[in-house]
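Shown below is the structure under consideration.
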Amino acid sequence: MRLILSVLILASPIAALAQTPSAATKPEVVQYHATIDVVKYVYGVAPPVARLRPGNILEANSLDCFGNGIRKPGDTLALAKGDNPLTGPFFIEGAEPGDTLVVHILDLQVDGNQGIGAFAPGFGALNETNYTPMLHTPLPEKIWFYPIDHADNTATFQALDSNYNVKIPLHPFLGCIGVAPTNGEARSSVVPAEFGGNMDAPEVSAGNTLYLPVSVSGALLYFGDGHAAMGDGEIAGTAIEVPMKARLQVDVVKGKRTNWPRFENEKEIMAAGIYRPVDDAVRIAFTELVAWIHADYGLSELDAYELLSKVGKIHLTEMVDPNYVVVASVEKKYLPAKKTSK
Amino acid sequence: MRLILSVLILASPIAALAQTPSAATKPEVVQYHATIDVVKYVYGVAPPVARLRPGNILEANSLDCFGNGIRKPGDTLALAKGDNPLTGPFFIEGAEPGDTLVVHILDLQVDGNQGIGAFAPGFGALNETNYTPMLHTPLPEKIWFYPIDHADNTATFQALDSNYNVKIPLHPFLGCIGVAPTNGEARSSVVPAEFGGNMDAPEVSAGNTLYLPVSVSGALLYFGDGHAAMGDGEIAGTAIEVPMKARLQVDVVKGKRTNWPRFENEKEIMAAGIYRPVDDAVRIAFTELVAWIHADYGLSELDAYELLSKVGKIHLTEMVDPNYVVVASVEKKYLPAKKTSK
Amino acid sequence: MRLILSVLILASPIAALAQTPSAATKPEVVQYHATIDVVKYVYGVAPPVARLRPGNILEANSLDCFGNGIRKPGDTLALAKGDNPLTGPFFIEGAEPGDTLVVHILDLQVDGNQGIGAFAPGFGALNETNYTPMLHTPLPEKIWFYPIDHADNTATFQALDSNYNVKIPLHPFLGCIGVAPTNGEARSSVVPAEFGGNMDAPEVSAGNTLYLPVSVSGALLYFGDGHAAMGDGEIAGTAIEVPMKARLQVDVVKGKRTNWPRFENEKEIMAAGIYRPVDDAVRIAFTELVAWIHADYGLSELDAYELLSKVGKIHLTEMVDPNYVVVASVEKKYLPAKKTSK
Amino acid sequence: MRLILSVLILASPIAALAQTPSAATKPEVVQYHATIDVVKYVYGVAPPVARLRPGNILEANSLDCFGNGIRKPGDTLALAKGDNPLTGPFFIEGAEPGDTLVVHILDLQVDGNQGIGAFAPGFGALNETNYTPMLHTPLPEKIWFYPIDHADNTATFQALDSNYNVKIPLHPFLGCIGVAPTNGEARSSVVPAEFGGNMDAPEVSAGNTLYLPVSVSGALLYFGDGHAAMGDGEIAGTAIEVPMKARLQVDVVKGKRTNWPRFENEKEIMAAGIYRPVDDAVRIAFTELVAWIHADYGLSELDAYELLSKVGKIHLTEMVDPNYVVVASVEKKYLPAKKTSK
C-alpha cells in the first residue's frame, strides 16, 4: 500500500521533499476541469469533486478571483462572480486529522492571455476597509488590464492616467490553497488562516512544497485565485489576477501535524504566520521556524532564535485580506544536518 | 560656491544620486576618530565634533552598540557602556531646516576581528519587552561571539548549546544614522523615527544613498551601531554587532524636504516607514513611495498604487526597537523616465 | 400576522426597543433545556433545537464555558468538555438574510452555587498565546473557585497564594450570543465577529436589547458562556464562569441589516467593533456609531464625530479571544430626537 | 527639613495620598502666570520658571492647546500658536532621578467662557493621519465653539450642519502634565510617554493624585492643554479645549521610582499604559497594576492577574496622539489592606 509505504519512509514533513514517494513508478495523474458552476466559496466540508491517493498528480484549472467575470475595458467589479472561486475539494485518501498534507507545486501556467488588477473600494492597504474603517469618501473603483505575453513570459502594466506601460516578468502562483479547517469551522475563500487559504503567497509556485494541517478525513484540498505576478503586501488589493492551470502532487505525512502552513524547497525552509497585526504574524512565523529548526535540525531554541536574528528572512505576502500573511524563512545552508529519522 | 551650485543642479532629492557634486575635483576628506569619551547617546542639538561642506567625504569610526565594553566569553551585558553610542554630531555647512541631507555610503569596513550577538531580557520579537510586557519569567541573558574572517568576508556563528558552527557572509551596515529631530525633540540612540536613527536598515550600506530631513541648522549627523550582518527583523534584538570604519560623502538638497528617510541606488528607490505596529510602518513607507513616484516620475497616485501592488517590495528591517522599521522599494526599471528638473 | 405587523411599526432596528411587539397580549413562552449531549461548538447552520416566532420569549439554560466539567479543587482543565458549549440553534420564524434579529435580554440568573476562574496556558492578555506566541515557558494552569451567594448577590474571590478573600457583586451576562455567519461560514464558539459570538460583553445583560445581522433563514440563534461578573478586557482569559438561566425575547426587523452587533437600552445606544488590534475594533465601533447617529438621529457625520469626541464612551470588553471586542456608546440625552419612521 | 521628613513617613508612592506632608501647617502657595511668550513646546531640560518645595501648592494658569489663538467663528487652525503650549517647567526641590514626583490635583477651573473643538486634517481616530496615512482626500478642517456656562457647569455643543445643540457637563482636567524624560530625551508637547505628557487623561482632575517618574534634578514639571470635557478616546482629535487655572500640590517620594504614570484617589489605584497599538498600552497598564498590587497589597502576581480579570477596569483615554493611552484601575475595596511601611 502506497500510503503505508510513504509513512515508513517519511520521518517528518520535510522529508517529503527529497523523495517524492512514487519516484520509481510513474505517478497516476488525475485530471479535473473546474467551471463557474462547480466552484466553491468556502473552505470547509463539502462533497469532493475527485479523490487522490498519496503520490497522485492533480492536473486542474482554476478561475480567476472574479470568476472570470471581468473581460474587457468598461466591465465593472459588479460583474465578478463571487470572490476567489475555489476548485475542489479534493479528497486525499488516507489523510486523517493529525496528519500533514504535502502538496508539491509541480507546474503552474497562466490559463489565458490577460490578467486583471482592480482597485475595489473598501479593500487595500492605503485606504479604508471593512476592518480599518474611516469617514473619508472611498477611493473610486478602477480596473487595469494586463496583456500576457507567453513568449517572453511577461504581463504589461498600462497606466490609466498616462500613456506609460511596462513589462512585468511572470511569477505564476496560487493565491488560494487550503484544506478544511479544524473545529468544524468553514471559512470564506477570502480568508487565510491556519488551514492555508487566501495566503497570497508567491511561495505557492512551481518548485516549492507546501505542508498543511489535516483536520478532517481526506483533508479536502481547495485552490484558486491564480496570480501571474504580485508585489509584496499586495497593497492595492490585487495581484495580476488570472485563471490558472495547475499541476500538483499530493502526499500525506501520517501522525505528524503542522500547526501552520509551511513551505520547503531544496534551499530553504519557510514557515507562515497569519494574523493581525503584522507583528503577530511575524511572531507566529518565527516561533514556528524556531520550533522546526529545533525539532528537525537539533539546535536549541535560543540558538535557533539567535541564528535567525542573523540570517532569517521575512516576506510579507499580503496586508489586505482579513488576516495578514508573513513567511519567515532560512536557507538550509545555515542549518546543521537534518536529524535522521528513527 | 559648491553649495549654490548643487542647489541649481538638483531638481529633487534623488537627483543627487547621479552626479555627486564634486565629480570634477577630488572631494575634501574630513577624518575623525571617536572614542568612548566623546560619543553621544541622543540624537539632538549638541556641539559638533567636526564640520563638513557639501561634497566632503567623512572618514570616521564608530564603537559597537555596547561601547566596545563586551570583549570575551564570561563578560556580561552589565559591561556595556550605554546603548548605541553615536559618533558625531557633524555639522553640515549650508544645511537648514526644510532641506534634505544626502549621505552617500561610500564604504564600510568592520573595525575589528569579532562581532557580538546578545540576547537581553526585555528585548526581542519573541519575548516580553518594555512595550509588550508579560508576566512570564524573562528569558535568560546570553552572549554569542562571532569571529570575523576578513579574508573570506565572513563571520562565524557558534551555537552555545551544541557544537555546531556556520559561516555567515558579511554585509556591513550602520544600524544607526540620523540627524537632530524636529520640534526641539531629542531622541535616544535606540529609537528610529522620522529623523532616521536606529533604523537597523541593511540599506545603510556601501553603494546606497540616504536622504534625511534637515530640522536644525547644520543637520547634525550622527552614526553608529555597526552591523556585520543581520537577519530581517533583527528578531532576537541584535545583529552581529561590530565597531565600524565608515566613509560617507555628504551633500544637501536645498529647499526640498523629505518627510521620512529615503534610500536610492542605481537600480531602486526605497522609502522607509517607521512606527508601530508594523502595519502602520508599511502604510507610511508605501504612501511615501507613491508620493515619490508621483512627484518625480509622473504616474498618478492610483496608477502608482496599482503598479506597486504588482512590483513593490517590502523589507522589515527590525521589529524590536521602540519603533519598527519597514523599507518599501521599487526597481527603477518599472518606472517612467524621471521628470527633468525645471 | 405578527411578523408583518412588526415590520409596519418598526422604522429602524432601535425602534424595536420601545414597544415589544406583543405588549398587548401575553407573549408566548418557549422553554428549552440544554445538556452536554446537545450543545454545539460552532456558530453555523445546524438543525434547530426549537423554533420561535417574533415576540416569543425563550426560557433556556446554558452550560458554563467548560461544559460544567470542572467541579471541585483538584479538577484540571483537561476535564473541560469543549470550549463554550452553545445552547441552540433557535430558528426565528420570518428572519431572512438582510433582516436584523432583535434580542431583548429580559432576565439572567446564575444557574448554580459556584463560579470558576481559570488561567489556561496560551490564553490571556499578559502571557503568550497562539496568536501572540513567545519563547518563554508558559505560565502554569491554575483554577479559582468562586462560591456564589444568591442572597447577597455576590461571588467570592479566594486567593490561591494567600488567605485573602473578597466579595464581588454579580453582574450576570452571556459571554456568547450570536447567529449563523454570512457567506456560508461556520465559526468556533470561542470567536466573536460580525455575527456576535464570543463577545464577552457585559452589555448582554438584563435590560439591554441586542441587534444581530441575519445571514440565513431563521437567523439561528445560539448562546452560552454565562458570566457572573467580569473585569474589562477579561485579561486573564476568564470571567467568573457559570451555568446560566436565560429569559430572552426575540423579534425581527425586516429589510434592515446591521453590519455589526449593536446594543440599546433606555439611556444609551451602543455599537460593537470586533477585530485586532484593539485600534481597529475601536475604529469599527465608532464608525458604526457615527453611522447610526447620522441615520436615525439626523446629525451630519462630522457633527456626530465631533460630538462623540466630547461625550462618547469606549468599553473594551475582552482582549483575549481570537478577535478583540470594543463597545462604543453614547447616552441618548446627548442626541437629537430620533427621526420618525416614514 | 520638610523633604527628609516626607521621606521618613512615606513607605511607597501611594502613601503620599493619605497624608499630605504639610497637613499640620498651612502649605506655602506659589503663584505663576503663563503667557504665550513664556510657554514651552517640549518636555525636557529648560530653565525653571519657578521653584517649589515638597508640600508647596502651585497656583498657575495654562493656555489652551491652540495658544489661545482661535477666538471666533471664521478663525482657522492656522491661527493656532503651536500645539499644546506648556506652562513650566517648575523645579521641585529635592526631586532627584530615581524618585517619584507626587502631584495632588487640588482644583481645576476653566479659565474663560468658551471652549473649542476642532477637526484638523491628519489627526483623529477615523481619518488618515501622519502615522496611519492613506491615499484619500483628507477630511476638511472644521471648528466648533462651545460656550461655557459657569453657573450650571456645562459647555454647549452646537452642530455645524444642523441647528441642534446640547449641554455637556464640565469635567475639567489637564490634557498635558509631565516631567523631563529619561536618557536626555526631549519630547514634543503632543506626545504622551513614560514621563506623562499629553496623556489626555480625565484622571488628571481634582481629587486625584498623579505619580510621575523623576529623571532629572528637580523633576521639571510642565502642564497645559486644559480640557473642559472629553469623550473616551478623544476620537476626533480634540476635547473641549480651554485655558485653565490649576491648583496643584507637589511632593516627592524619595528612592522609589514608578516606571509609568500612576494615579490614585481614595477609592482606586490606577496605572497608565502608553504606546501603540492599544493592545500594548493595555498590557503595560495591567502589568503595572499587577506589580503595584503585588508590591503594596501583597497578593501574588497570578492572584492579582486573576482578580483583575474579574474586577479590573480599562479606560482608553485617547487614541489619536503619537502614542495611545490606557488607564487600568481597580477599586481598593477589592484589595487586601495595604502593607505597612517598614
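In this document, chain identifiers A, B, C and D correspond to the written order of the chains, with residue numbering beginning at 1 in each.
By definition in this document, contacts are C-beta pairs under 8 Å (C-beta built on N, C-alpha and C of every residue); 3 or more make two chains touch, one makes a residue touch a chain.
Source: prediction; values computed, not measured.
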Going by the touch criterion at the top, tell me which pair is linked by more C-beta contacts: B-C or C-D.
C-D
Taking each chain's centre as the mean of its CA atoms, which one is farthest from the centre of chain C?
B
Need the CA-centroid distance for the pair chain B / chain D, whole Å please.
35
What is the distance in Å between the mean C-alpha positions of chain C and chain D?
34
Take the average of all CA coordinates in chain B, do the same for chain C, and state the distance between these two points in whole angstrom.
49
At which residue positions does chain A touch at least two other chains?
126, 132-135, 139, 276-277, 283, 287, 290, 302, 305
Give the list of chain C residues in touch with chain A in this complex.
41-42, 44, 131-135, 183-188, 275-277, 280, 283-284, 287, 290, 301-302, 305
In the complex of these two chains, what residues of chain D are touching chain C?
117, 119, 124-126, 139, 142, 144, 157, 159-162, 164, 166, 168, 229-240, 276-279, 282-283, 286-287, 290, 298-300, 302-303, 305-314, 316, 319, 324, 333-336
Interface with chain A, chain D side, in the complex: residues 126-128, 132-139, 277
